[in-house]
Amino acid sequence: MERRGPAAPGAPGADAVREELARLHAVLIDSGLVAWTSGNISARVAGDRFLIKPSGVPYDRLTPESMVLCDLDGHPVADDTLKPSSDVFAHAYIYRQRADVGAVVHTHSAYATAWAARGEPIPCVLTAMADEFGGEIPVGPFALIGGDDIGRAVVRTLAGHRSPAVLLRNHGVFTIGAGARDAVKAAVMCEDVARTVHLSRQLGEPVPLPAADVEHLYDRYHNAYGQ
Amino acid sequence: MERRGPAAPGAPGADAVREELARLHAVLIDSGLVAWTSGNISARVAGDRFLIKPSGVPYDRLTPESMVLCDLDGHPVADDTLKPSSDVFAHAYIYRQRADVGAVVHTHSAYATAWAARGEPIPCVLTAMADEFGGEIPVGPFALIGGDDIGRAVVRTLAGHRSPAVLLRNHGVFTIGAGARDAVKAAVMCEDVARTVHLSRQLGEPVPLPAADVEHLYDRYHNAYGQ
Amino acid sequence: MERRGPAAPGAPGADAVREELARLHAVLIDSGLVAWTSGNISARVAGDRFLIKPSGVPYDRLTPESMVLCDLDGHPVADDTLKPSSDVFAHAYIYRQRADVGAVVHTHSAYATAWAARGEPIPCVLTAMADEFGGEIPVGPFALIGGDDIGRAVVRTLAGHRSPAVLLRNHGVFTIGAGARDAVKAAVMCEDVARTVHLSRQLGEPVPLPAADVEHLYDRYHNAYGQ
Amino acid sequence: MERRGPAAPGAPGADAVREELARLHAVLIDSGLVAWTSGNISARVAGDRFLIKPSGVPYDRLTPESMVLCDLDGHPVADDTLKPSSDVFAHAYIYRQRADVGAVVHTHSAYATAWAARGEPIPCVLTAMADEFGGEIPVGPFALIGGDDIGRAVVRTLAGHRSPAVLLRNHGVFTIGAGARDAVKAAVMCEDVARTVHLSRQLGEPVPLPAADVEHLYDRYHNAYGQ
C-alpha cells in the first residue's frame, strides 16, 4: 500500500530547501532541542525526493550543500554525497505513506523524551497545546532503527490523532509538517508543552480541558491565527 | 459600564512606543518567557488607541513598524496593517475597563503556566514576591479566546489583588503596568517567583510570610526602591 | 561592638574597583543568578568606604561610574551620585563588623532561594561543596530590609560556619569574600551546589560525606588549588 | 601492573592538541557542564605525555599555550608552566593503566552529579543511551583527591562496562575517549541522558529497554553512524 505517486505538485526546488534546512537545524540548537549531533530535519523536494541532514556532522558545520538528496527509499541519489542521517529510512517511510507530509523533524528533546521513556502520552491541559496539537501528543511503540519499523510506528500512531507530533517509546519525538518550518514549529512547541505539563504534574494534577474547548481552540487557531 | 474616556493624559506618542515594543518583545525572548511566536505586548498611545504585536510573526522579524495600531474595540485603525495578535480583544477589554493601565503583556511562561494548569495561585513566600506583587499571584477562570471573556477574567481577578500579574487557568499569564516596561518587568518577575516557589515546594513546604511583613515590604519597595 | 578601624591595608583604589564591579555584575547576569534589576555586589575601597550597585538600574546600563561610593553607615559620600542599592545597610553592617570582608554579593538565585524559602540549610554532600564551603551552607532567620537586621542575620549566621555563603529565610543569598571576585565565585558556586543537591534529593537521599573527608577536601582546596 | 610503554603510535603532536583542548574547554562552558573554573580536559600526546588544563584559571583565559604538558606521573615536564589541574593525578593514572585512552574529561555537571550524590547508576532506558553508552552509566566509590585513588576508582569501575562515562559517588563525572572530541562528546551525552532519565523518573518509572535491543543499538551506532 505504499504511495509512490508523482512529485508533490508545488514542491519547492532543492536549492531553496537546502538553505532552509541549514537555517532550521540552527533553530534546533538555539531552542535547546538537540545535543551534540543528535536530531535531524528532512524536507521533500520535487521529483519524489527529499533532502536530509548528513549523519554525525556537527551542527556548526552543516551547510546547505551538506544536506543529502535521497530517493523515497532513503538512498542517496548521487554517489559523491555525505551519508544521510541514520534515521533516513524512517523519514523515507513517512514520505512514501503520507503524500501530505512535506517535512519531518526528529529530536530527543529532554522533556518530551522523558514522557516517551515512560510510554506516556502528554495530556492536553493547556490552551497552547489545544491550539497546536488539537489534543494529546500520542506515544507509539518502541521500534528499532534501520528499517521501516520506526516510520511505521510514526505513521500508525499519527493516524488516530491530528497532532503533528508523536513520541516513540524509550526514544524521542517525530514531527511532521507541510513544510520544514511547520515541522520545526511542532518540535519546538512539543518540547514547550512537554515541559510545562511536566512541571504542572510535579506538584499536583492539572485541570483537564473539556473536549469541546479543545475543539474550539484548535479550530480557531488553524483558521484565524497568523497573517 | 465600559470606560471610553478621553485619551489618557500624557500617553506617549506612537512612534516612541513602537520602538519600545520592538525592544521589549526581544526581552521576552531573551528572558525565556516565550516560544516560537507565542506571547505579546501592547501599550496604550494617545487618542484612545493601543499598539500590539502582529499575529504569528516570528520574533526576529518584529520591527517598530510591524506593531499594529488598534482602537479600543481591538480593531486595526488602518486597512493596510498586519493582523493584530489573536489576543487583541483581551488587551482591548483591559484598556477599556482600566484607565490606569498603560500596557499589557501576555505569555505562556513555563513555571507560571504550570501553576495556572492546576488552577493554583502562587503563594507569597518570598521577599521578592512581596516587593513586586504585594501578596499571592491570583489565578482566574478558564476563558475562551476571541471575545471579551479573557479580558473580563483578567480584570475581575485583578480587582481583588494588588498584583500586576494574573494567571488564567489552563492558559498562561497576563500582566499590566503603567508603561510597557513595568508590565514586562511584572512578567519577568512572575516567572522568576513562579519558578523559585515551584522549586521550593518540590522538597517540602515554604515557610509562610506573615501579612504584616508582606505589607512592610510592598510599601517600602513601592516608595523607596529605584532612582 | 562595631568596628570602625582604619582603612583595610591594601584595599584597592576606587577606580579599579568600579571597573571590576561593572564587569562582575555582568557575570551575575550571564550566570543566571539575577532577574531584572535584582541582586547587587559591593566592594570595600580605601578610606573606610565601599562601592555598591545603584538602586533599580538595569544591568545593561551599569557602568563603572554608576557605582555608588558609600561610607560605612551606608550613606553616599557625595551628593550627586545615584541612590545606592536598597540593600546598602546590610552591606554596610557586614563591613563594619567584619574587617576581613572586602566584598559582599546578594542574589535571589532560584535554587538557593528555594532552600531559603523552606528555611533549610544545604547539606554538604558534594566534593565541590566541601571544597568551597567546608560544610553546609547555613540558613539565617527572616529579617526585614532597611536597617541593620539583615546584616546582623548574615554576620551572626556566618559566625558559626566557614561557608562564605549564607541563605536568609524567605529571601535569598548573601556571600562574602576578600575581594569581589571571591564573593561572586561563592555566589556562583552556591547556586551550582544548591541546584545539584536539589536535583539529587528529588529522587532519593544523597549519601552523606563524612566530616573527616569534608575537612580533608576543604583544607586541600584552600591550600593547593589554583596558581 | 602500571603500563609505561612507548608513546602511543600515532598520538597527535602537542601543538594541534593544545589548540583542540582550548576549543573543547569552551564547549564544556557552552554546554553548561561546568561552573566557574571547575571541570577539565586532558589529552595524550606523543612521548608518553599528556596536556591538561591549568588549575583554577578562568575559562575565558584558557589559551592553547596555557595547557600544561605533564609526564605520566602527573608532573609538569617543564619548570616554567602553570600548575596543572588539581585532578592531574587521576588523569595520569588513567593514562598509565589504559593504553587505549587518548583523552579524559572531568566535570561536575548537575544532573549526572545528582545521580552520583545518591550513589546510583543511570539506568539505560533511552535509545540514545544505548547508542553511546551500551548500557547503564556506572557509579564508582567515593575517593579522595590527590593521589591515585580517583584514577583507580575510575579505571576499576569502567572495567566492567563499555560505557565511556563513569560517575564517582558524591563527586561528579569522568569520561574517556580515543581522542579529546570523543571524551567531550561522552561528557555532553552523559549529562543529556542523566537529565532526561531524571525527568522521566520524576513522574513515574521509565520502561526498561531489553538487553537485546541495547545490544542491537550499540552495535549499529558504533558501526553505521557518522561519515
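When the chains are written out, they are named A, B, C and D in that same order, and each has its own residue count from 1.
Keep in mind that, in the parts below, contacts are C-beta pairs under 8 Å (C-beta built on N, C-alpha and C of every residue); 3 or more make two chains touch, one makes a residue touch a chain.
Just so we're clear, the structure is a prediction, and the values are computed from it rather than from any experiment.
Looking at subunit A and subunit D, no chain is in contact with each of them. Separation of subunit A from subunit C in touch steps, taking the shortest path, is 2. Because subunit C and subunit D carry the same sequence, their contact can be compared by residue number, and under half of the numbers here are used by both. Rotation relating subunit B to subunit C, from a C-alpha superposition: 90°, rounded in steps of 5. Note on chain placement: the centre of subunit A and the centre of subunit B lie 32 Å apart, centres being C-alpha means. Computed from the mean C-alpha positions, the centre of subunit B lies at a distance of 46 Å from the centre of subunit D. For subunit C, the set of residues that touch two or more other chains comprises 202. Contact between chains, as defined at the top, is found for A-B, A-D, B-C, C-D. Of all residues in subunit A, those touching subunit B in their complex are 31, 125-128, 185, 188-189, 192, 195-197, 199-200, 202-207, 209, 213, 216-217, 220-221, 224-227. Of all residues in subunit B, those touching subunit A in their complex are 35-38, 54-57, 82-83, 86, 108, 110-111, 113-115, 117-120, 142, 144-146, 169-172, 198, 201-202.
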